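Shared between the two complexes below is subunit A, which has subunit B as its partner in the first and subunit C in the second.
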Partner chain A sequence: MREIKLFLGPQHPGMHGNTSVHMYVEGDIIKKSYLLPGMLHRGFEKGMEQRTWINNIALIPRICVVEPDINEMVFAMGVETLAGIEVPERAHYIRMIILELARISIHLMAYGGIGGPTGHYTLMYHAQADRNRILEIFEKITGHRIYHQYIVPGGVRKDLPVGIEDEINEFLDDLASRYLEIRDLGIENPTIRKRLVDHILLPSEVVWELGVTGVGMRSATNKPYDLRKVLPYARYDQIDFEVPMADYSDAECRVDLKLQEVVQCIGIIKQCLAKMPEGPVRAKMDGNALKFRVPKGQVYAAVESSRGEFGYYIVSDGGTKPYRVAVRGASFPQGLLGVEKYLPGTRLDDAALWFDTMGVCSPEIDR
Partner chain B sequence: MMNSMNNQALVSELENRFSLLNVDLVSESQVAIDISNNDVHTVLAYLKSLGWKQLSMLTNVDWIEEGKYQLVYIIFNWDNPIYIQVRTKIERENPVFRTVTSVYPGAKYYERDVHEFFGVKFEGNPDSEKQLFLENWDDLPPLRKDFDAKAYSDRKYAKREYTKDFSNKGGKK
Partner chain C sequence: MKKVYSVFKPLRHLKYLLKKPITKDFKDIFDNPREVADNYRGFHVNDWEECIGCSTCGEICPTEAITMVERSELEDKDGSLQLRPTIDYGRCCFCALCVDVCTTSSLKMSKEYLYNDPDPDSFYFMPTDTFNGKEVKLGYEKDESSDLLDLERVSMEHLSPDERKGSFLEIIKGYSKEQAIHEASRCVECGICTNACPAHMNIPEYITAIWENNFEEALTEIYKTNPLPAVCGRICTHNCETACALTQRGDAVAIRWLKRYIVDNAPKDIYDSVILEQVSKEVNGKVAIIGAGPSGLAAAYYLRTIGYNVEIFEQMPLAGGVMRYGIPKYRLPDEAIDQDISFIEKIGVKINLNTKVTDTMLADFNKNYDAVFTGSGFFAGRKIPMPGHDHKDCIAAMDFLPLGRDYGRGTVKELDVHENVVIIGGGNVAFDVARTVVRYQNEKFGKSNVMMAALESEDALPADLEEVVEGREEGVKYHFGMGPQEIVIKNNKIKGLKVKKVISIFDTEGNFNPSFEENSEQLLEATQVFMAIGQSPDYSYLSDENQNKMNINRGKIEVKENGQVKGIDWLFAGGDIVKGPDVISGVANGHNAAIGIDEYLSKKNK
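After this line comes the complex of A and B, so read on.
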């Protein structure tokens, strides 16, 4: 059969953002494929070297469009390690609330995303409607819907507004009450199940070879490999939660784990709201913020994002600007090497589902 | 063999086996070691056999005043959670290093990334010299410290001439 060259994306309902896959197909089986990134390359790593530590707070959330808070968190963690800043107790809990709300919103968005390639757009609308309510909560807390610039070195920018706890609780209760309905719409739907069950496998050897982390790793290895458990940051060690895992990683399993994580997130936020102590939310830092200097050093800070380990490697030479910041996008391994080695063999119509369930996010690959 | 080593035990274990140029205990869960070029593969392979199976990142730092590049391999062990930064310095002019894809296959695209932004050639990884992010790049690798982004943009793109006059003329047309 004749081999045909095809492009999937950047304009395609199943593609996630501004990236394209170059593939050779025979019939509808992909024979060879590779990712063509670069359409969203904005030169963040260079840009960060040219801005002061404080100015960078406004720049970094833009690296990952849908989940900006992890960028703020790793940057803050790195700077705090280098400069030896103690974060107030209340700020840790506020950070966890923000990070978990963001995790729910992006899991919902990814879950809605399977509506595109499977032709069930209703799912996407429902998921986005719930995400929108989270964005409204973010707007009340931080003043911004998407790029919050809220988690800063030393704590968070300002305290939670009065009465937001009730609104968060109300939203979480509502989401939890509709959990089965949300499952019914997508993962329990027989036509979607046919596309997911036993398709797009991710064996554990492949996980180790590529360096896949996050849901992909936990679904294949059946171990609680989650940085929140393995290497707790903020105050995750004082929160009671479980890490969903499995030993057979097909597309359905990975989507299922994401939904189970949403349930855990709801529990985490509720515990944070109940346990949160009163007090200051930002460590006192004297002097002119624009002349803030970070002691010399090289540090790697990482958090568990919705797609896996997300980290910054921060180098300071003692100046007012970072000497070098390198970004580890959580989906870099599966997005580049995974597409080259493990997308071939998949059916063409499963390619978009492959991207969705593997959790490929092009902004963090391009940077 | 060794479950739950802390960072000091890990460093003394490495010191017994290899000659470390410098050790930095960054935090309880992070260690940085500087080693010579020829030790990189043996140290990485040894650490991988101890359980540091994941290459979290490979990146490069440009120390322009020293005239050196510093390659940084960040590896992680999920069962004994310590990040290790394995660092080595190479020459800045005509930088060449050997690929580590034989130890960590996942390094393939990280090496391509470092080649594109710093110009480091990785022997043994033929793909590393293909273009990845930057289309038709025709200048110094952009993350080098001597690359001036402003001068590049002035040279590459013409100054835009505005045909409409947006200045305020007191409300009159």
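After this line comes the complex of A and C, so read on.
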């Protein structure tokens, strides 16, 4: 049989972001594949060195389009650690609400994302419709739907608008009430299950080999490695939630874990709304933002993103701009290395599902 | 038990077929657009009335989308620039950092998010308070937590009123390094202050140098336009701070105190190298300067840096003019004046003290020097010709302040100050007299009784606010808005000052013509009256012939733009006799005249 070279992306509805996969197939079996990043033309890490600390707020959300808030959070955490800024209590809770809403939104998007490759577009539309409601909440809180630029060093940019708590609660109740229905459409749909169950395996050895974290790791190793539990940031240590995990990681298991996480997120947000104290939302800083300097030092700040451990390693030389920022993209291991080593062997039509269930966000690789 | 998955279960979603769609029809996108959130970051709006063109929005813009464009139709006034932001919406990312950092809060965002035009250049425009000519709803605005400016000044340590009213110690203690760097970090470097400063000092540059802890750079920038920083760092009238962009919503940057921080703290070797570095090779030319006041010293310094031989002639035993003999010690200690003057002498300026210039000497100067600069100042006191003003206990401010100053430095042991004193005037000089008297009385009698009377009401006083506040703290009693009528004398002794309540100071045509309320007469009981109603010049060194050649208008000499006296080519003038009334204006005149003299001599020697 003749080997053919095919491209998945950058212009492909099944591709996640501006990146390309080169695949050599025999029949419909992928024999060899590798990722070709570099389509984003951004150079985030270098770009950050050329912008002041405060200007970077506008740049960093772009490192992950669907879940920009984690970038803002790790950047803020890093700067706060270096500069010794005490974040007001209320800001911690607002940050958690934002992060968890973002987590729901990206899990819904990923869940809807399996609708495309499996030919069930209804799933995608319904998931996007729910995500849209989260974006509307974001718009009310932050002023923008996607790039919120809301979590900033020192706290959050503005307090929550009046009445938003009720709206969030209402949305969460509605989402929870339709949870089973949403499952029925996708993961419990026998035709979709045929594409997911026992497909696209992620054995625990691979997890250790590549350094996969997040849902991938928890689904394969049955270990509750979640930074919100093991290295709590914000006020996650004061919130009750469970970390879903499993010991056999196929596509179905990972999707299931994401949906279970959505349930946990709903619980976390509700607790945050109930526990959130009144008070200021941003620490006052000396001097104006143009002259904001971060003391010399280095720091690694990480949060649990929807795809795993997401971190920034920030070095400051004491100036107005970062000396160096390195991004630990959560999907870097599976997205770059996994494609080369573990995409081969699967079927061509699984490739898009592979990216979706592994949770690949290409700007994290191409940063 | 194994779970059974039914193909029928997903069909329950068919119920959504009967629900109203949540998507919007494509044709509605422009005709009937979605209403966005109240906090929405859409196209900018900018209130041109409020905007001062400080360009801070352009400074912070992460995408460099904002450029400032000059609009000459705007009024040119202190405290604002004729610039307004233009935004390139091909670059703008709508992050609203410009809104958060805006000094005036004039820049806001609207709820508008739709704009469609085939011409790419049309995406580059100046936001006004409307968008595309129509009224818009406001979206994102900054609030207290999103504000990116530091509006609160770093507080300065002062002597307490009790400590200071019994002594001539300097009141302001000066910033520490941390405080100065913190204060400097509040500056947005807009340069509005530079325009407002008579000497156009490079204020943003030296504040940035402080922030970078770079004394050398800071001193270099300061000495480019002002050779008296230790003096100006203490007693400047700080027009810069009045104009500062931060005053729009908060406290101005403490520009004056930051200047003082540099000169008080710069290491001596850096100081020396900066000052000596600025002196050029000697050129052929000699200039005589009359008066070692601010303008004379500034002219001397800059002429010397150009390379001229400069000699100053000063009638008093110490150089400094009004800085040395007018301003009290608690505001400006001798050490600060000495510091500035010592550097001016160090670069080779010769100061002849105790040398009063006469008309014959001036004629000699004309022969022996290539040019003459006069900054003889307003050194003589003035009195209002009211009944009783010629009594010996009615004293003009400038006749008293030099003695008060000498008392402060210990060369005079006793002052002629009574126990109950009233001062006429509401300017800084009046407060200088009042507060000097308070100190002397407290030292001498253990208590003070000083009253002040002025035509202006307290909020319209020409004096600085801090003088009014500190004077009150030190126990001066104010009778402002009271016009002095007569000094009441009985048995050849002053009994007090008769005052009347003022209705208005100027008449309907705007001329000075105070009117008083009838039956509002009041006697401020005192045995001594000081008059601080302005100073006057002493032109005895100008011969009649010279005076006839020049124009002297209300005591001030008319000069050309370069400081050259109209009618006499070789004579240049500056300071109070030309403009006034503060040190920094004198410095500006002196610097300007130095450039003028250089041009004049260059032309002459050609």
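By our rule, the second predicted complex is superposed on the first by the 367 of 367 C-alpha atoms of A that agree within 3 Å, B and C clash if a C-alpha of one lies under 4 Å from a C-alpha of the other, contacts with A are read in each partner's own complex, and residues count from 1 in each chain.
Convention: a residue touches a chain if its C-beta (ideal position, glycine included) is under 8 Å from a C-beta of that chain, and two chains touch if they have at least 3 such contacts.
Keep in mind that this is a model prediction, so the values were computed, not measured.
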Partner chain(s) touched by A:Pro190 [first = subunit B, second = subunit C, both, neither]: second
Subunit B versus subunit C, judged by how many residues of subunit A each one touches: C
Contacts of A:Gly116 with subunit B and subunit C, given as first, second, both or neither: neither
Which of subunit B and subunit C A:Gly78 touches, first, second, both or neither: neither
Partner chain in contact with A:Glu209 - subunit B first, subunit C second, else both or neither: first
Which of subunit B and subunit C A:Phe332 touches, first, second, both or neither: first
Footprint overlap on subunit A, comparing subunit B with subunit C: none
Interfacial residue positions of subunit A with respect to subunit C in the complex: 51, 54-59, 122, 126, 129, 132, 136, 139-144, 147, 149, 155-159, 161, 181, 184-185, 188-191, 193, 280-282, 284-293
Interfacial residue positions of subunit C with respect to subunit A in the complex: 5-7, 9-10, 12-13, 16, 22, 36-41, 56, 59-60, 62-63, 93-97, 100-101, 109, 139-140, 143, 145-146, 148-150, 182, 184-189, 211
Residues of subunit A touching subunit B in the complex: 37-38, 41, 43, 45-46, 50, 81, 208-211, 213, 223, 225, 230-231, 297-300, 302, 309, 311, 313, 315, 323-324, 326, 328, 332-333, 336-337, 366
Subunit B - residues contacting subunit A, complex: 24, 26-27, 29-30, 32, 53-57, 59, 61-62, 72, 74, 76, 78, 81, 83, 85, 87, 104-106, 108-110, 117, 132-135, 142-143, 147, 149
